[in-house]
Structure formats: C-alpha cells, structure tokens
Amino acid sequence: MNAANAVLRFLSPNTVVRAHCDLPCGVYDPEQARIEAESCYKIIEKYAANEDVAYRTRAIAIKEDRAELVKHHLDVLWHDYFKPEHLEKVPNLHDLFWQANKQVSKVKASTSLDDARQLLSMIDQIDAAWKATGGPEKTRVAGRPG
Amino acid sequence: MNAANAVLRFLSPNTVVRAHCDLPCGVYDPEQARIEAESCYKIIEKYAANEDVAYRTRAIAIKEDRAELVKHHLDVLWHDYFKPEHLEKVPNLHDLFWQANKQVSKVKASTSLDDARQLLSMIDQIDAAWKATGGPEKTRVAGRPG
Amino acid sequence: MNAANAVLRFLSPNTVVRAHCDLPCGVYDPEQARIEAESCYKIIEKYAANEDVAYRTRAIAIKEDRAELVKHHLDVLWHDYFKPEHLEKVPNLHDLFWQANKQVSKVKASTSLDDARQLLSMIDQIDAAWKATGGPEKTRVAGRPG
Amino acid sequence: MNAANAVLRFLSPNTVVRAHCDLPCGVYDPEQARIEAESCYKIIEKYAANEDVAYRTRAIAIKEDRAELVKHHLDVLWHDYFKPEHLEKVPNLHDLFWQANKQVSKVKASTSLDDARQLLSMIDQIDAAWKATGGPEKTRVAGRPG
Amino acid sequence: MNAANAVLRFLSPNTVVRAHCDLPCGVYDPEQARIEAESCYKIIEKYAANEDVAYRTRAIAIKEDRAELVKHHLDVLWHDYFKPEHLEKVPNLHDLFWQANKQVSKVKASTSLDDARQLLSMIDQIDAAWKATGGPEKTRVAGRPG
Amino acid sequence: MNAANAVLRFLSPNTVVRAHCDLPCGVYDPEQARIEAESCYKIIEKYAANEDVAYRTRAIAIKEDRAELVKHHLDVLWHDYFKPEHLEKVPNLHDLFWQANKQVSKVKASTSLDDARQLLSMIDQIDAAWKATGGPEKTRVAGRPG
C-alpha cells in the first residue's frame, strides 16, 4: 500500500506539481487534430457518393488511420499543453477531451456525416479552451497564420 | 455559437451516451503500459551504471520511445476501456490518467529512478481501477495469466 | 568467399557468442504478444456476429494491424530474450517461434476462431518456455502482477 | 525500351493527366508542416539555453523526428495537393519543395536558429502558393480558422 | 515580405547551396521503392484472381501501405540523393519524381495491373537516373549485388 | 522434447499445415535488409570521422532506427519467404537468422566497423540461401535488376 499512498500523496490537492520544461518544444495547436478530423469528414462525404466496393474499402481503412491521428493530437494537447493552472479557466477540461476521444471512436465506426460534424464541434470547443488559456501567443512562433 | 451549443447539449448530464460497439476488440490490460514503464525503469538503472557516452545516448533515445508507448497504452485505456458508468467506482479517473501521463513526461526528461518508480505506482493505481471495474473478466479471453 | 568463411567461423560450435548487455532494458514478457493475439481472437468473434460490410472491413483491417504486433512482440522475444544457453531447456525454440509466426500469418488471412485459438495455444507454449528459463524473475521489475 | 517509351509518352506535354479522385480526402494545409517546423525552431532555442548532456541528447533525437514529419507533410502537399494546372501560377513549384526539403535536412543536422528560421520562411512561400491556388476554400471544411 | 525576399535570395541562381554531410548515411537505392512497387503489382494480380470479400479487403488495405512505402522511398531519393549538380544529367528530375508519386496515388486507387506496370516503368527511369549519376558506386558499400 | 511434443500434438498429426497464399504479395528480397545494414555500416564510418557531439548523437539515434529496420526485414524473410520445404536446402536456416538478428543488436550497441561488416557477411549468407531456394525467380517481378 506504500506505493498507493505515494500516489495518493502525489495526487492530493496541496501537492505542488512542478512545472517541467517542455521538450519537444512547447508548440501545440488544435489545428493538427482539426485537419485530421476534417479528413474524416470529407472521407465520409466521398464514401456516401461512391458505391464502388474497392473505393469504400479504402475509404474505411484510411478514415481509421486519420481518426487515430486525431486521437493522438488530442492526447498530446491534453497531456502536455494543458496544465493544472488551466483547470480554473476550463473546468470541464477532462470531460471535454474524454468525450472528444470517444467521439473519434464513433467516427471510426460510423459512416454518418453527423458524427464527423459533431467531432469538429468538439474540437472547436478545445480550440476555444486553447485560446482562452493563451495558446496562440504561448505556443506558436508567430501566432496562428491567417 | 451553434456548434458550441451542440457540443454543450451533447455533454449535458441528461445526454445518453450510446454504448458503442468496441472495435478493435475490447481487449485492454494495464500490463501493456506497465511493461513499457518497467523498460523505462530498467533503462534508467542501466544508464546510471554505465558512463559510456554512446551507451547513454542510446539509453536516452530508447527511453523516449518506450515512454511514448506508455502514454499510448494509457490513452487507449482511458479512451476506450473506461466508460461513463465507471466514474462512480473510480471518481478520480480523469485526474489519475492525467497525472500518470504527466509523470511519463517527467520520466522522459529524467534520469532519476524515483521518477520511474512513481510512474509504476501510478500504473498500479490504474490497474486497481481496471480490476475494480471488472477488467480481467470482461476484457481478457481467459483472465490474466499467472 | 572470405565473407562467407568469416560467417561460418562465427557460427561454428566453438565460437563463444559474447553475452551482450541488453538495451533497451531486459524487460520481456509474452503477455505483450498474447494481448494482441487475444485482440485478433475477439475481432474474429465480433466479425462473425456482424454482417455489416463497413463493420467487417474495419475488423479485417484492424486484425491485420494487431496480428502484425503479435509478430513484432514474438520477434523481440526470440531475438533478444532467448539466448544460446536456453537451447538446452527449450530445444525446439526456433521451430516454436517459426510456427507461431506462421500461425499469425494464418490468423491474418483467416476469419476462423480455431486459427486464433491455435495461436493462443502456441503463445502459451512460448510463455511456458519463458517461465522455464526464469523469465518472470529475470525480466520483470517485480514479477508478473496477479 | 518499350517501357521507357511508355513513360516518355506519359510525361510528354500533350498528355492529359487525368484528374484523379483524392482519397484520403482532399484536406491539405501547410499548417501541418509549419507546426512541426516551429517545433524544430523551439527545440533549437531550448537546446542553446541548456547545457545538460541528457537534455541535449533528447533535444537532438526529438528534433530529428519532428523534422522528418515536416518532410512528410511537405511531400504530401507536393504529391497530392498540387496538380499540373497549378504550375502556371507557381512556376517554381518543384524547386520550392526541393529546396524546402533540403532545408529540413539542414535543420536536422544543425543547431543554428537561422537554419530553422529559413525553413519557416520557405514554408511561408509554400503557404502563399497554396493560397494562390485556392487552397483554403478547396481543401478545408470551413476555411482556415482564425 | 522580408521573409519571402530571403527565400527568393536563397533560391536565386547564384546562391551557392552548401553541400551538406549526409546523415543517416548516404546509402540510397531505387531498389527499395521498386520492391514495394512490385508488391503492389503482385497484390493486384492476386486480387484479380480471388473474389473472396475478406481476401480482397486485405489486399486493398495492404496495397495502400506498400504504396505509401513506395512514396516514402521515392521521396528520400529525391530529397537526399539527388543534388543540384545532377540536374544537368537529369533535366526532367523533378517532373519524373512528381509523376511517379502521382502514379503511386493512382496505384493506390486502382486494381488495374497496367497502372502498377506503369509505376514500375517510371521507377526504372529513376533507376537509370541514379545510375547515370554514379549511384551504385557512390551509395552502396560494394555496389549492387548481382 | 516435451514442449515440442505438445506443439506437435497441438498441431495434431493429421493436420496438414496448409501452404497459405501469401498476402501482401510474395515479393521478398534480402536487398531490403542489406541496404539498411549498409546504412549502419556507413553511419559507423562517419561517426568515427566526426567528433562533434551533436553529430554523434544523431548518428547513434539514426543507426538505432536503421538497425531496427534490418531486423524487421530479416524477420519478414524468415517468417514469410522461407517455408518448411526449404529446410533441406538450408539446414541451418533458423540459426542463421537468429545469429543475424543477434548481430543486429550488436551493431546497435557498437561503434565498431567490424561488427557492421560481420552483419553484412551474414546477410550475404541469407542472400545465398534465398538464391539457392529460387528466390529471385519466384519472388521478383522480373528478377533482381542488375
């Protein structure tokens, strides 16, 4: 139980989580997740418009990969960009990322454009959280290009 | 604001999040994260015992990769194994995974055995949560081998 | 023929193959291969129960990837964990891994549960070889968790 | 020589290169390359500010990976987004991408901020070419977010 | 516009592009691209001969991956092996690689053997360019094996 | 022999291990492993000639990756190209691949050119086995190019 105690102590509210120096780099932008999610959206759109079996097989296999990249980029934001001091500004942070990741799983399994659209909306929420916490200035070299 | 509203509606407490069929498979086990985290532990141990520059360079590069795999396996558990109905049994679920992932970042940056040991403890906590929610029976083909 | 001779000399019975220090880490466990093989098993099970074309396409593509990971984890065990001194305890070592890898190829190509079950049995054999050669104590930080 | 002739015929100016349907998706944005290149930039900045050997080893290994991703994203733009009809608007297209990729190699090998800055400038050129050919409207679901 | 000017200056004809030391290694051979392209060729052949749905799904998913590797190997040759001084000997260098990469996209989308055959021809052209510029002697340890 | 018997029993005496149709493709060539091994060779050569710390760090990290690819390509040959009927012509097949893979591990850990040279010799042995079993005609589309 020693180990468990150590963890509980670590997680307890008065623990100061040391700010650690970010490597790779401190460059984070929800655009990375969004671009891959837009791929999923457009793949579903094209899937609906083409009934060729080989085409649809490719579409499903490629959507799976792009969706996996959405998850990866969301995870990096959640792990590495967002820090305990942001929880005040974004109190639903954890649930937002959890639901977004679960939505990616739904997009993997789905051929409905609504599922992809809802994922884009959730990434927009994450984008808003990134902006509200100073993301553009703190993480991009010269802000987000227009 | 339409999109944001849609998200908020989706996230609102009375939304029924449909149970979705798991593909790949429903097989999840914190052992995957633990084995990679043990690699990090042993790499740090070997790093301390060998001052050769080339050896240490390899050790750091390999630790980076194994640690990245720890994150990946933790993320999959958090996204895909744990579901809303588990939050009652594991109320600190999100924080547990968030802190564990941040600890992996620390292990990447560190050559201290204590950091790796703390990560193992946190994975033990996650293992306990997996067991408390029926993980071994529900996710392994014939339970976890002895 | 110089090069070929050098190789033959190297492979000759009285050559002492130097034990080399393992990096990454010396952490090896057949659980890694087994978990991915269980994924294949459950994917085949779900495939049989769902006739939706898009669902089945995903199942086949994902099974391919999980099976590839089984091969990877088996290869690492064979290359890096098992050493010449283990051949006495496990005289059929090479054939065991060769057949297991060929069975993975069969699972990739198959939608029969029997093929996946046979792969699990072969991994159990490898697990027994790992235990017989002291794997749990020598390679895990605190043995295999229960 | 038959095959070579076929190729020459294929490459000859009056060959109509059929527009092919893009899968994955038709979503392309130089932001993907730029974000990874900004990572390289910031890694070099942090490398200069920290003389710890382990830190610098990580920085170099991570920069290598991020730079490889820059190349990948540039390649996708060049292969898949840009089409023969764009050569009129962007006559130096090939040289632009060739030089940019060679600059990425330089950034991999370098710890000078100037090399990373020059890469960012070259990606800005590519961004301009993407805009000049209608990239934002044609490839993003709702344009590039502000 | 400063940045753009800097780029233009960099790209201008009298700029001396410093020869940079190649790491990884200076080993390049179009065989790598060709072998993966032959895989695509044979997959299409087998696809035509087998009407089983699961078989064909695998064939399409695997062809996608092998084709992606063709692109990767072509890109490495273009970025890293070929240098400005080769443009005299291979004046259509850029177009050759551009068309070959676009042909790979066609092979991904196609189940026609002609498309794969044409890709092989284009790689043969690239192979000829590699030989014409001294590739075998300069890049292989002991030339290309017979 | 216990374990072997169990496997044989498991495979049941009357089970004919069906020759399975190879997908991806049946294209195998030891050139893939050799090219990556030559990269390791040349990286070690360049490492010896350059004492810059950052340069050497890159060299070690890149050699690690290329060596991993050697293992991957060797594994594919062993799993998928070689079949039970080849054991008569190549009786030391398993040991040859096992020792070659262990030599790759040595090359990962080493900065000695001799270790890389020995790996190349072992791959030459494997190449000879591939030729002796009809590899060039059976696996390449038009033999190995000169």
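Note that the chains are named A, B, C, D, E and F in the order they appear, and that numbering of residues resets to 1 at the start of each chain.
By our rule, a contact is a pair of C-beta atoms (placed from the backbone, for glycine too) under 8 Å apart; a residue touches a chain by one contact, two chains touch by 3 or more.
Keep in mind that what you see is a predicted model, and the values were worked out from it rather than measured.
Shared contact partners of chain B and chain C comprise A, F.
Shared contact partners of chain C and chain F are B, E. Because chain A and chain E carry the same sequence, their contact can be compared by residue number, and under half of the numbers here are used by both. Using CA-based centroids throughout, the chain positioned farthest away from chain F is A. A repeat of the B-C interface exists among E-F, C-F or D-E. It is E-F, with more than half of its contact pairs matching by residue number.
Ranked by separation of Cα centres from chain E, the top chain is B. The distance from the centre of chain A to the centre of chain F, with each centre set as the mean of the Cα atoms, comes to 39 Å. A separation of 23 Å divides the Cα centre of chain A from that of chain D. Note: centroid distance chain A to chain B, computed from Cα atoms, is 16 Å.
Note: centroid distance chain C to chain E, computed from Cα atoms, is 33 Å. Residue positions of chain C with contacts to 2 or more other chains are 21, 23, 55, 57-58, 61-62, 108-109. Because contacts link the chains in a way that matches no line, ring, star or complete pattern, their graph is best described as other. Chain pairs that touch one another: A-B, A-C, A-D, A-E, B-C, B-D, B-F, C-E, C-F, D-E, D-F, E-F.
For chain E in complex with chain F, the touching residues are 21, 23-27, 29, 31-32, 34-35, 38-43, 46, 50, 55, 58-59, 62-63, 66, 120, 124, 127, 140-141, 144-146. Put simply, chain C touches chain A in their complex at residues 53-55, 57-58, 61-62.
Here chain D touches chain F in the complex through residues 56-57, 60-61, 64, 108-109, 111, going by the rule given at the top. Listing the residues of chain F that touch chain C in their complex gives 1, 3-4, 6-7, 10-11, 17, 20-23, 71, 75, 78-80, 92, 94-96, 98-99, 101-102, 104-106, 108-109, 118, 120-122, 124-125, 128.
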